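Take this structure first; my questions come after.
Labels A, B and C are assigned to the chains in the order they are written; within every chain, residues are numbered from 1.
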Amino acid sequence: MSDIPSFTGNVPSPARSFWRRTDGVLITLLVAAVLLWFVPAGMGRYGTYVLSLWLVTAIAVMGLNLTLGLAGLKSLAQAAFMGIGAYATALLTTKGGMGWLPAFAISGLLTFAVGLVLGFPALRVKAHYLAFVTLAFSTLIWLVLRNEQWLTGGVFGLSNIPRPTLFGMKLDGHLAFHRFVVVVTLILALALWWLIRSPWGRAFLALRENPVRAASLGINIRNYTLLAFAIGSAYAGFAGALYAPLVEFIDPSPFALSASFFLLLMVVAGGSGYQLGPFIGALLGVVLPEYLRVTGGLYLILFAAIVVALLIACPQGIMGLLERGWTAIRRRPAGRNLPVKESAL
Amino acid sequence: MAEFIAYLIAGLATGAIYALAAIGFTLVWQTSQTINFAQGEFVMLPAILILALVKLAGAPFWLAAVLGVALFIALFGWGFKITIVDPMIRHGVLPLAIATMALAIIMKEGAKDGFSAEAQSFPSLLPAQTLSFMGISISLQHIAIIVVACVAIGGLQWFVTRTRTGRQMQAAAQNPGVALILGIPVARMVMLTFLINAGLAALASVLISPIYLAKFSNGEVIGLFAFIAAIVGGFNQVRGALAGGLIVGVIDSLAAAYVSTSYRLAVPLVLLVIIILVKPEGLFGRKEERRV
Amino acid sequence: MKTVLQVEGLAKHFGGIRAVEDVSFEVHEGEILGIIGPNGCGKSTLFNCILGQLTPTSGRVRLDGQDVTGLTPEEMNKRGVSRTFQLLQVFPELSVRENLILAGQEHRGTMLSRLFGPRDAGLTAEADRMIGFFRLGHLADARAGGLSYGQQKLLDAAMAFMAGPRLVLLDEPAGGVNLTMLGDLKERLKVMNAEAGSTFVVIEHNMDFVMSLCTRVVVMAEGKVLAVGTPDEVRANPAVIEAYLGH
């Protein structure tokens, strides 16, 4: 009995080590942002455009990574949410005469709110109903974008979307706009980094891993599930708000259901649940085909096949493969078993 | 009124086809937890395969139809189960669902790049005659579709409830653990549902393609309606999926006629949301008890 | 003696199967109540009905006299009732300390403070105290999934105490745990009970464990309460001997 420590008395506490491990994600994000600021200097208009498109896509994939990778919810409307953001920003900055920053904020808020409204009925029933509701929603948005010509321009889309002017700086040139995209992407990635490290992130992970146990620990499953979905959708809205001025012309086709599937595959390819996964996923999905010069449909088949192969061999995606390699290298000299993050799926 | 009945019958015909897809969808869901997001593409592809055999191999239509359907069932019944479902299911439901999305993309883009991006006419089993009956003109083709689909579904229902193999299949779906102890070859039963699913999809494909033409992108709408039918009818029932399919088909047909052609798709979507809000277990589904 | 939890005529039917039938008992403040009974006698179903994982077919559950029948698990937890599950339920991806912080975080601050505030929700000290108490100190930063079964079982129990609950329901805490660890767990529960004044309800198969830990015992058989009393009374009860101990 004597070796049983008292519960209420002072207990020698083990060494705190919250900040012991340096945060690799944070360092990678900051270094990558600096690199991306300078890299496209000699790349020309098209090369810079592809890099910007990569980052914009990565923002949408980041949001989906939160919804799917961290909270384990299937959303099949990420491209539709991106469409809402893109059309909202395009309309507000052209017909509305608004500046980009408020249009960006409104796009995010709007998609967040729509996410809440959409997620509420679906998640009341069962988590996988969200897949079907978002599937239906995706089709509905596509119909609206195509049919409401007076507002969206129908199949002809909206053109002459202005690039933003911030604090008196015109961001018209491809390099200036690219750097602007880098900054916005960094801010959004840092916000997500913070979110994932906060108790919210822990709760999201808990509801993916074991909702029954999470509920018994007082975690409000419905609130957290809704929030994960709405925040993930808001990131699609933010991505859309950047996409519109990047391409300067939008039509309904990049926001169709198949685009949502494609974004989901990017999450998985990069590594579902890994914070840097979306950048790798978007790299494979957006940048690689541009450099390989493989035509659209054929590349889609190739990409989908790669994802299926990855899902069979390593469901943790490219990040998972990298991590496996890294631990294999580190394990050899040290001989120690490091805690490895398992499949996020 | 005459017009209304014509729309109703057209709706029942397409609805019967959605029901075929929805039944296959619920079958594989029940036996293997596979949410097949490529279900619509499963209905799209057989017709394309048959046309490809006719065009590229010069086979006569009847031979191409037999070969195409057999090939499809082999590839997307047996092959799908072996190459995608079996290795993936150990990782959980979610990776498998995502793999079916990837499969949907592969099938769709494959049909587009490998065959044609244009809609192709598909020969009908019956001449496209219309019968006039008391001032109502009824397409013979629609009637034939309803009859063929009903016979197929009736046959399936008879198989599942009246035959030994069918009952074993049901047992394997409801409780694989117990079924295994009782000596039921669960793995073979699960495989059987995948073959049946592919067969139903092929039948749906052959029935629907004469009306809507064979096109690579057909799967999107068919898949969506099959999901809606399955949920509206109740996720865990064959008769639920049948009723759901018919309801969705009729609503779609009436919406196209009386609401707006550009928003006809939206009406079943609204129905889906209403069902989820009001009766989430579906019209014919049983409420599932939360289990710990 | 104050009554914390009151179960009145609770029943749960699954189709035609009557898993729990007209069960009534009370839990007094500061006691350790054991619930024993053969496999499949409805003990776990009873827990799940009390805590909202299942909705009882009939009957009432009262907490401090307030009707809490049919509240959700998280509402029950917010009211100071914690539990463990029969099967291991730790979060394998998180470290031991993170598991404990997770178990306590929803009881601290607001949704906003959990987003913008410190990432440990101010619970590191509390978690480390719990880690020390259950002697998991050397494993504080290890992945919970990498722990031995017994260690995970200790962590599982520790998580139930993180929110400072007034009532803890433990579902087979001793299942699959080796003898040394079992003694450890028992002594710790006793210390918790004596020092923090926590009230426990323990479902167990292990008779020695229940008889030496609990102050009162409820014996269940086939979904019904067979006997209630001190360990000695129960041991002497002929109906209990007939139905359970006799076999």
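Observations on the model:
The criterion applied here is as follows: contacts are C-beta pairs under 8 Å (C-beta built on N, C-alpha and C of every residue); 3 or more make two chains touch, one makes a residue touch a chain.
Bear in mind the structure is a predicted one, so any value in this text is a computation, not a measurement.
Seen from the Cα centre of chain C, the chain whose own Cα centre is farthest off is B. When every chain is reduced to the mean of its C-alpha atoms, the one closest to the centre of the whole protein set is A. Centres computed as Cα averages put chain B at a distance of 47 Å from chain C. Averaging C-alpha coordinates per chain places the centre of chain A 39 Å away from that of chain C.
Centre-to-centre spacing of chain A and chain B amounts to 33 Å, using the average Cα coordinate of each chain. Multi-chain contact residues of chain C, defined as those touching 2 or more other chains: 53, 85. The set of chain B residues that touch two or more partner chains comprises 292.
Residues of chain A in contact with at least two other chains: 212.
Interface residues of chain C, counted against chain A in their complex, comprise 51, 53, 72-74, 77-78, 82-83, 85, 89, 91-95, 98, 101-103, 105-107, 111, 114-117, 119-121, 124-125, 128-129, 131-133, 135, 137-138, 140-143, 145-146, 159, 163, 184, 187-188, 191-192, 195-196.
Within the complex formed with chain A, the residues of chain B that make contact are 35, 37, 84, 87-88, 91-95, 97-99, 101-106, 108-110, 112-113, 220, 224, 227-228, 231, 262-263, 265-266, 269, 272-273, 276-277, 280, 292. The touching residues of chain A, when paired with chain C in their complex, are 1, 4-9, 11-14, 16-18, 20, 195, 197-200, 202-203, 205-206, 209-210, 212-213, 215-221, 223, 337, 339-342.
Interface residues of chain A, counted against chain B in their complex, comprise 68, 72, 74, 121-122, 124-126, 128-129, 131-133, 135-137, 139-140, 143, 146-147, 212, 257-258, 261-262, 264-265, 268, 297-298, 300-301, 303-305, 307-308, 311-312, 315, 343, 345.
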